[in-house]
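Comments concern the structure below.
The letters A, B, C and D name the chains in turn, as written, and every chain counts its residues from 1.
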Amino acid sequence: MAGLGVGLIGTGYMGKCHALAWNAVRQIFGDVERPRLVHLAEANADLARVRASEFGFEKATGDWRDLLADPEVQVISVTTPNQFHAEMAIAALQAGKHVWCEKPMAPALADAERMLAAARASGRVAIMGYNYIQNPVMRQIRALIEDGAIGDINHVRVEIDEDFMADPQALFYWKSEASSGYGALDDFAVHPLSLLWFLFGHVEAVIADMVKPYAERPLAEGGRRAVENHDIASVLMHLGGGISAVLMANRSAWGRKGRIALQIFGSKGSILFDQERMNEFELYQASGAPAEQGYRKILSAPVHKPYDRFIPAPGHGLGFNDLKIIECRELHRAIAGENYSAIDFANGLQIERSVHAMAQSFSEQRWVSVPKG
Amino acid sequence: MAGLGVGLIGTGYMGKCHALAWNAVRQIFGDVERPRLVHLAEANADLARVRASEFGFEKATGDWRDLLADPEVQVISVTTPNQFHAEMAIAALQAGKHVWCEKPMAPALADAERMLAAARASGRVAIMGYNYIQNPVMRQIRALIEDGAIGDINHVRVEIDEDFMADPQALFYWKSEASSGYGALDDFAVHPLSLLWFLFGHVEAVIADMVKPYAERPLAEGGRRAVENHDIASVLMHLGGGISAVLMANRSAWGRKGRIALQIFGSKGSILFDQERMNEFELYQASGAPAEQGYRKILSAPVHKPYDRFIPAPGHGLGFNDLKIIECRELHRAIAGENYSAIDFANGLQIERSVHAMAQSFSEQRWVSVPKG
Amino acid sequence: MAGLGVGLIGTGYMGKCHALAWNAVRQIFGDVERPRLVHLAEANADLARVRASEFGFEKATGDWRDLLADPEVQVISVTTPNQFHAEMAIAALQAGKHVWCEKPMAPALADAERMLAAARASGRVAIMGYNYIQNPVMRQIRALIEDGAIGDINHVRVEIDEDFMADPQALFYWKSEASSGYGALDDFAVHPLSLLWFLFGHVEAVIADMVKPYAERPLAEGGRRAVENHDIASVLMHLGGGISAVLMANRSAWGRKGRIALQIFGSKGSILFDQERMNEFELYQASGAPAEQGYRKILSAPVHKPYDRFIPAPGHGLGFNDLKIIECRELHRAIAGENYSAIDFANGLQIERSVHAMAQSFSEQRWVSVPKG
Amino acid sequence: MAGLGVGLIGTGYMGKCHALAWNAVRQIFGDVERPRLVHLAEANADLARVRASEFGFEKATGDWRDLLADPEVQVISVTTPNQFHAEMAIAALQAGKHVWCEKPMAPALADAERMLAAARASGRVAIMGYNYIQNPVMRQIRALIEDGAIGDINHVRVEIDEDFMADPQALFYWKSEASSGYGALDDFAVHPLSLLWFLFGHVEAVIADMVKPYAERPLAEGGRRAVENHDIASVLMHLGGGISAVLMANRSAWGRKGRIALQIFGSKGSILFDQERMNEFELYQASGAPAEQGYRKILSAPVHKPYDRFIPAPGHGLGFNDLKIIECRELHRAIAGENYSAIDFANGLQIERSVHAMAQSFSEQRWVSVPKG
């Protein structure tokens, strides 16, 4: 059987990450055919040719619609800026391609809903690129929770913090425009929401507070411009099953680089995780001798599948890019009609509904229920 | 000049801590007279005699009012359960004694208000036992903030977590009764609120969510009883100066023993602290070579006053009880009419107003402004 | 029964620490009589009076021999510089006093041997001030080892590092003189040796390497002077029972403030400890589900006796000075003829024999057996 | 220009790692041609075919000598067990191929010397697979040292610890045979030695102690067999420039999974690193305000080249396998005749000379100078 024919739209941060995953997935897992890197699209044909050469794609184009017409392309990675996701993903699905789309779906909820509708109409696989749920450590955490290792969960805290918007002297750019979304909630807080979904299911009700640490930012041409969205968001939440949660997102958090910190409390123990140290987690169990109870720091290891496909020795560590390879393997399962672990458009849409509910709760200063799809 | 004549009411956890502080304050600081440990009260006269002997008090009584009448007593430590604070502190002040009262002031706001009124009427010193603000590390954090080391503060998170209520099989006891207060908010969340006051001043507006991890608990006599208050509370807050904050309190947090974790974000850096490692804090400053920026872990040292009064070598570590000795020195300053750093009844009352506002915001499911005294 | 009559010689770093311990031991433990702080000696009579007032001693003197003649003094704390220990301790013992002497015994082995002889001849208690073995965490570590929690021990590493000699521009002072001893080995490496003794017994054979990070240091009067001893020492060791060990001491280790780091490896697990975080330790046990094995960080707690005598809540933390209070309680046991846990002169001498063997092994560049007393 | 034609011998742990690197190096770096995965050899022809398919190699063989005769193969990865390195690497060089050989060179020093001679005679590139020096964090540490960020280095400690030999009940296997080498020193301690070489150059003199934690191990067929080499080694060392060092290696260290811990002390600061958290390091500099000095934890970031080729965001983390991709890029430089950063056979041999000197120092119980090549 031949490998999947792959099209790639976009070659930035996530575009390269997808290319690496497509290129490595068979080497790592062995049990899928090697994908054919068929066709790569960039905004500019020259850049497309350069990237196609670097990434090992056979064809290059400056017009992403060329991929739709390419019969050798079976699946398309959509890794362009968020505002283009809807148009591209829908067109790809309508052209009969499977879609692997980076998160979030789209700034506007209506666009995200159209994406789901297109996926359903197409009968094709449509998967979101929520890579953090693919961490073998995160899978182990879910297994522990399911096994009752820390009893019934009653409270969760999750923080996502980086400092790419922390410098007040940094020039105003599109991420501070209202058209790009709410700020920290969009394309940033969705990551911890993907973890919450993976572990506990969808959010039921929310109330958010949002803050602009800097009311305005300097312009390149001189002068200053008012910031239109919020770099900091804090949210009280109710998950299902009586679990209360707090979500905190801060993209102006000096010193934080890739922090996604989880604290999960249950009736028999608790679990801690921080993406900045993605190869470890901590487990506390209220059992055994009282003088010997404490948080256990567990390093990622071959026993945490599929770490073993990368490295046979424990404690040696996966990297950020490796998570996308695991996600790519899950995508293969989805396309093959097997059980898979990834966030499809239906669940992706529900995550975005919770984001919009948060924004609404902030503007109306009240608790808001997240509508169900 | 003679040392202060001390009366002590209560000899439990905090009573012993006060006795240790009174006994050591001159040895440590050298610049106050040795207090005279005059009169100790316990609920039971026999126990009072035992404790007076152990703690080095001259007189013992089973009736705390005996201390009011004792002309040798100039200052009274009130360390009894919270519901007795108001009666005792007010009587002591009316008897012309200075008062050092453990936190919080009282379960009912009206009682706390009467305590402040009594303090004002008496002209005596009335100080609350918020010891965590006395940590030399916390003083250094405040100095850094005041010096602009991390720029303008825009966001703060504070968590207080312990696990003394985490076991669902533990028997129902008075801490789960509504009469004891709201649960995690009372006599627990007031600690982080004291830190927020120390660093940023008082809270302006709040909205809280509260949770009962266990709806009922077993009774010693068999059967089960419904839990009447909340072991988990999460609060969105506005401090002054445009600072947003999140307060999280969980007294059923398995694995946490004495966690009071602060994250402070500013326009030039950030600061981290955790009471479980009370002899260190972390400072991130967005300056210097980008390749060398990171959180600096700073160990407590003689340069962080008054650590030097305890130990001349850095990194050797103070203990929990040492903070009370520092507080005792501040109390001496207050009595001497000098500048001091401690939480008086006026500021203590304002902390409790914020707690009651949190409870109100939860029951009314809306943001509530904290009334100003 | 009356409390012990206490004499104190020296009021510096350790002198104050002893005074605090004598003053607090009854308050903390309750089961010993309050010591009488009888007589304090300093080099200068005026300073002696000041310190006696601060520390609460009844009498003050500029001549330490006055304590020998004072019939109210039953036990003498010797906290002067190392070169005075022998003369003072021996005289005190000969005068019929019990002795609590700071470590190490004496720079010269012959003097230390005379101290032991004097102790034996006197029939009095003679205890060394090795406070780190009194940490409840260290006691728990010993209990775990004795219980076989990590199986048979086969390898140990211990590091002691501070940076008080790290600055090459710091002026030459007596600690760099040969007469003060070998450098890092004296009065510094003896601390980890006390821990090794506490956990595993005495050292059998050693080979050391020593280094001068700075060949000379500036003089206050201008010019430079050659450094005469070694600020860094590294030692391979054989303990009893086939345990190999490595001892590393560096008093010019920039960044280290009070590090005494232990790593203990056994056939079933391992244990880690660092004095800079003296209220916690880590335990790894090779048991249970492989996917859940990891180092458990255990916080000090009331269940680790006698932490409970200081604080009834776990994770709140003892301080450096508290260890001396525990040591003082052990001294009381020794004087009362009870079982006690402290390092007497016989074991103290054996520790110093191992130090001298290390120095010999360095000068002779060969393994040296430690002679047994 | 066409990409390098690659031959791969061995497809285990390191064989797969090489295959991943060859496959990804152009995607990551963009500035090298995509290597052609030409010919793969395994012990068994069937397995070779399976692995060639998985790894994307064009041809497969059960006889590694087929690669020597293949004109399309220009460079050969040697990833077989250590005892085969010499034969294969020498044959490859003699056949005119470049060689990328996993560490160490060979159990016998004479074999390693023949390998170097063959490399020199061939004029081909011969590089060892010491991947840990390729970590962007390690490069940053070297740059800091070279820039004098911590002054003149005077002392270094390095530990390598894992627990794959920690279980005394594990069956005897070839790693406990004398023919496999000295134990912890071979193919294990060479990793930290590669770091020492990278940072400080070669070792000058050594004295080692070695230990067998378990004198014998059970046999599969019943009974027990004596262990013939040492799982624990501790070494005092002199590096050049007056730097003293301690090397500790323990392959029976329960709880350690991939620890390679470095402590580097200089006249102005110190640096800490641990491979188990390979995306961070700690830097202490004795400058700035004393109240603010501390270890700075620096997360790997794009500014630490070539992290930026993998991920454009800081703190997201590389993995163990990524280091081999960087090494592969350096190999390309070497083959292109450019400056490169990797360990060639000459430096690899010198590392092994130091290992043999350690073993000699242990058997002769004396310091041994490491002969220079």
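Just a few scattered comments:
Following the convention adopted for this analysis, a contact is a pair of C-beta atoms (placed from the backbone, for glycine too) under 8 Å apart; a residue touches a chain by one contact, two chains touch by 3 or more.
From a predicted model like this one, the values you see are computed outputs, not experimental measurements.
Judged by contacting C-beta pairs, the busier of the interfaces B-D and C-D is C-D. Note that among the pairs A-C, A-B or B-C, B-C reproduces the A-D interface, with over half of its contact pairs the same by residue number.
Between subunit C and subunit D the centroid-to-centroid distance comes to 41 Å (mean Cα coordinates, whole Å).
One simple way to say how far apart two chains are is to compare their mean CA positions; for subunit B and subunit C this gives 34 Å. The distance from the centre of subunit B to the centre of subunit D, with each centre set as the mean of the Cα atoms, comes to 53 Å. Subunit A has residues 256, 293-295, 299, 301 in contact with two or more other chains. Remark: subunit A residues 12-13, 16-17, 19-20, 23-24, 26-28, 30, 34, 54-56, 162, 164, 256-259, 276-279, 299, 301, 310-322 touch subunit D in the complex. By the touch criterion given at the top, residues 150-151, 154-155, 157, 159, 163, 166-168, 207, 209, 211, 213-214, 232, 234, 236, 238, 242, 244, 246, 248, 250, 252-256, 265-270, 284, 286, 293-295, 365-367 of subunit A touch subunit B in their complex. Across the interface of their complex, subunit A is touched by residues 140, 143-144, 149, 280, 282-283, 290-299, 301, 303-304 of subunit C.
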